[in-house]
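Naming follows writing order (A, B and C), and every chain is counted from residue 1.
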Amino acid sequence: MRRKKGLKLNLNELAARLNATLVQDEGNEVIIEGLATLDDALGHNLSFVGSAKLRDKAINSKAGAFLVNYDLQLEGRPCLQVENVWRGVIQTIDIFYPDEKAITGIHPSAVIDPLAKIGRGVHIGPNAVVEKEARIGNDTEIGAQCYVGRAAVIGENTVLYPNVTIQERVIVGSRVILHSGVVLGADGFKYEVIDGLPCKVPQVGIVVIEDEVEIGANTCIDRAFLGETRIGHGTKIDNLVQVGHNCRIGNFNAMAAGVGFSGSVTTGTGCIFWGQAGIREQVTVGDGTIVGGQSGVTGDLPAGAHVFGTPAVPLRDAARQNAALKRLPDLIRRVNKMERKPTK
Amino acid sequence: MRRKKGLKLNLNELAARLNATLVQDEGNEVIIEGLATLDDALGHNLSFVGSAKLRDKAINSKAGAFLVNYDLQLEGRPCLQVENVWRGVIQTIDIFYPDEKAITGIHPSAVIDPLAKIGRGVHIGPNAVVEKEARIGNDTEIGAQCYVGRAAVIGENTVLYPNVTIQERVIVGSRVILHSGVVLGADGFKYEVIDGLPCKVPQVGIVVIEDEVEIGANTCIDRAFLGETRIGHGTKIDNLVQVGHNCRIGNFNAMAAGVGFSGSVTTGTGCIFWGQAGIREQVTVGDGTIVGGQSGVTGDLPAGAHVFGTPAVPLRDAARQNAALKRLPDLIRRVNKMERKPTK
Amino acid sequence: MRRKKGLKLNLNELAARLNATLVQDEGNEVIIEGLATLDDALGHNLSFVGSAKLRDKAINSKAGAFLVNYDLQLEGRPCLQVENVWRGVIQTIDIFYPDEKAITGIHPSAVIDPLAKIGRGVHIGPNAVVEKEARIGNDTEIGAQCYVGRAAVIGENTVLYPNVTIQERVIVGSRVILHSGVVLGADGFKYEVIDGLPCKVPQVGIVVIEDEVEIGANTCIDRAFLGETRIGHGTKIDNLVQVGHNCRIGNFNAMAAGVGFSGSVTTGTGCIFWGQAGIREQVTVGDGTIVGGQSGVTGDLPAGAHVFGTPAVPLRDAARQNAALKRLPDLIRRVNKMERKPTK
């Protein structure tokens, strides 16, 4: 829960809090009450200029003052210069819209099995359910109506928003954020045809979510057939993403909304998957790979690949083919004409 | 909740209720007990003919009678002529399958914070949770197991089906319908790289859902970074749709299932997005734009655009390119042949 | 709930339980404690070789023994030969990781309407809600926080994982598995423009899920406008799938994650839809059709079709066009050159 605090700070006070250098032509007394974008900012707002390209827009903005990098000045407008604008933005939000932890304690309507182990400083919201042998680490928040299955393990300082479902034996690390509607540990999609009929192969593996992962609303991470499905440290996953059974997602990956991973996909460190991309089963993707929006990856990708299209090809090839395709109707006409021309 | 009422009406009675003109050759006494499609209708069903193209199908249908527009007659079959067939269909459903409002009152298992404000005639279902300072307008239904977060505001005559999650400070208008699994106000997907690591930028904005919006099952609308994510009046959103942070969706848009909007997309009035289409961040789309299924919009679109493909191009160009692509393998053979031909 | 049992079996005991033929060169006393893949297996694991191609990988694996088909031997490694490896795998899982049924009975926190009919041996988990006139068959498990709407009917031996939502009048068969977040029976997406504004057409039909269907996490199956939306016997649906109103999905279909069906799609028996495919409304697809990942089907498909691309074309044509597209940039250069050549 973050809410505006009603705080008012003058620029000197704010500069001190942000460890910023105040640059202003005149001694006008701007009072800042919150943060806003260049488009929305009014005189009582601090705004921020993340790129020198936004300089003119900033100068024309109504903001009372601006967070900028040390190398930027906006003539005649008060600036707070910092080393990193985005760190400044985050600090400013923490000042004006502080994060209020949920009240510690277990709501009386929550159903907690007596054999669950609940750490110190834990919040468990109304109508949540925590099953037998589940373990919840210190200072973790379990939102209203969440479900924590039997023998599931959740680390410290982790936040589950309302309506998260964590199935049996799933392991979630510390400082993880799980948004509403997330389902961790549903069965992988695995059938084998026996005697002509599809037979369900029981999924007895687990899901492991490492520390500092964030998972968006209504995203699903399936449990492994055997072994584990693993999401690496610091990986950030948007809403409505599917990660199939036995995937091994590396550290610090980013997946935009609607991405789908089939089973047993392996990714390196720092990969980016843009919206609605899909990855075929068993594929291995190297470090730092970027997969464009709506692309379909059908084979392994080396480290540093940047691909696009279905089936995905290197972005440069995709762009060249796409440009050529636009010229194709005309090309057909030209070839028709050449064929008609008598080669006397 | 809608259920068949067990009502039986003869055609004169039904004509009177629908304000329709009964046209029939003979005085046969058809009794109507419900509505059915041309394929499924039996003698006790009213069916409907939405288009003159369905005339033959209607004449061969077993339906007892037909709703038709004033300009259509079906020889020898009883017809109820109305000004607008679909209005007639909706009225007929309201007659035979009336909408029963949930019983007013708060179920004893619901957990309502004493500082929440609940209007007159509100229904709150079993195991629902309404947090501190939330406000729920008159005659609104909050389904079983719904979550209404702190300081969220919901208008009048709005319906939340079971299992909807509304996070803190989200604003929902009047006569809105939210289907099960909807999540309003999860954090936008926003990280900035600081010192080489992705840092979460706190999302302190809100979501505003204007009046008469409908949102399908398991759809997610993220809260804004700063400011608001807004869904305009009368917009209809299907299941499993993603609307990213700071989008400003216009009035009377329609989004089919699986559509994904990245952050900060702006749309005009009356836009249509067919299934699984995706829109890149920051894009602006003009009034009345139509985006084809699975298309990927990567740049701004003028009013009235009709686009298709990834990256999306005008539908006409996409069709021409696609037709040309089918001829490409043959074109390559023809060019090969021309090259081999000696140009003596 | 499946957990490892802590069982230890020697190969003769295991062979007897699996009705397998033990083939081993020497009398070494391998003790098996569980099942693992070739990659992960250690000396106390049974592994399995589903294909002769994996022979070398198997021989180099650390597994203590191997499930193989009767026609395969791995020199010097103990093998349990069976008629069907996958049946053996499933049986082995059932031995080492037995399925523990949830404890029979209704949790005191569940809210069950007195007019609901609950069969023998039913489990209803904490905070579940079962509405008036709902009927739940014998030995069915309703997970924590599930919602079963008014007059919904659920068969025998069916499992609802936590947080499933079943709306009013939906019919679910026997031996069905519904994963967390599934929504059955939300309204179909149907509006008609009357007097220039989109008007909601009430959806008064139902959903019918036949026996032995499995539906993945956060998947949505919409109720019909009139009549029914039907999922045929034995069909398996993965996570985050959308099935629109009035679809009639045949028996033993398989749909991978992210697939979307518009309204009124009809499919035959044994169709396969790979990840993120989309099917346009009103389309009919014949028996045994295969639709490739991310493909968009825009028209009817005959039995046995195998299609790919958007709009989908026969896989062979798609592959040929795709190969030709890769050569297109070069083709344009060649045609440019031919045009420049003087045809003296």
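Criterion: a residue touches a chain if its C-beta (ideal position, glycine included) is under 8 Å from a C-beta of that chain, and two chains touch if they have at least 3 such contacts.
Being a predicted model, the structure only gives us computed values, none of them experimental.
Enquirer: Hey, what angle do you get rotating chain A onto chain B on C-alpha, to the nearest 5 degrees?
Expert: That pair's rotation angle lands at 120 degrees.
Enquirer: Same or different interface residues for chain B and chain C, judged by whether over half of the residue numbers are used by both?
Expert: Different: when the shared numbers are divided by all numbers used, the fraction is under half.
Enquirer: Report, in whole Å, the distance between the mean C-alpha point of chain B and the mean C-alpha point of chain C.
Expert: 27
Enquirer: Tell me, which residues of chain B touch at least two other chains?
Expert: 109, 127, 145, 163, 181, 218, 240, 258, 276, 294, 325, 328, 331, 335, 338, 343
Enquirer: Once bound in the complex, which stretches of chain B touch chain C?
Expert: Chain B residues touching chain C: 1-4, 35-37, 40, 84, 86-87, 89-90, 93-94, 97, 99, 107, 109, 125-127, 143-145, 161-163, 177, 179-181, 214, 216-218, 234, 236, 238-240, 252, 254, 256-258, 275-276, 293-294, 309, 322, 325-326, 328-329, 331-332, 335, 338-339, 343.
Enquirer: What part of chain A is in contact with chain C in the complex they form?
Expert: 109, 111, 127, 129, 131, 145, 147, 149-151, 163, 165, 167-169, 181, 183, 186-187, 189, 191-192, 194-195, 197-202, 204, 218, 220, 222, 225-227, 240, 242, 244, 258, 260, 262, 276, 278, 280, 294, 296, 298, 310-311, 313, 317, 320-321, 323-325, 327-328, 331, 334-335, 338, 341, 343-344
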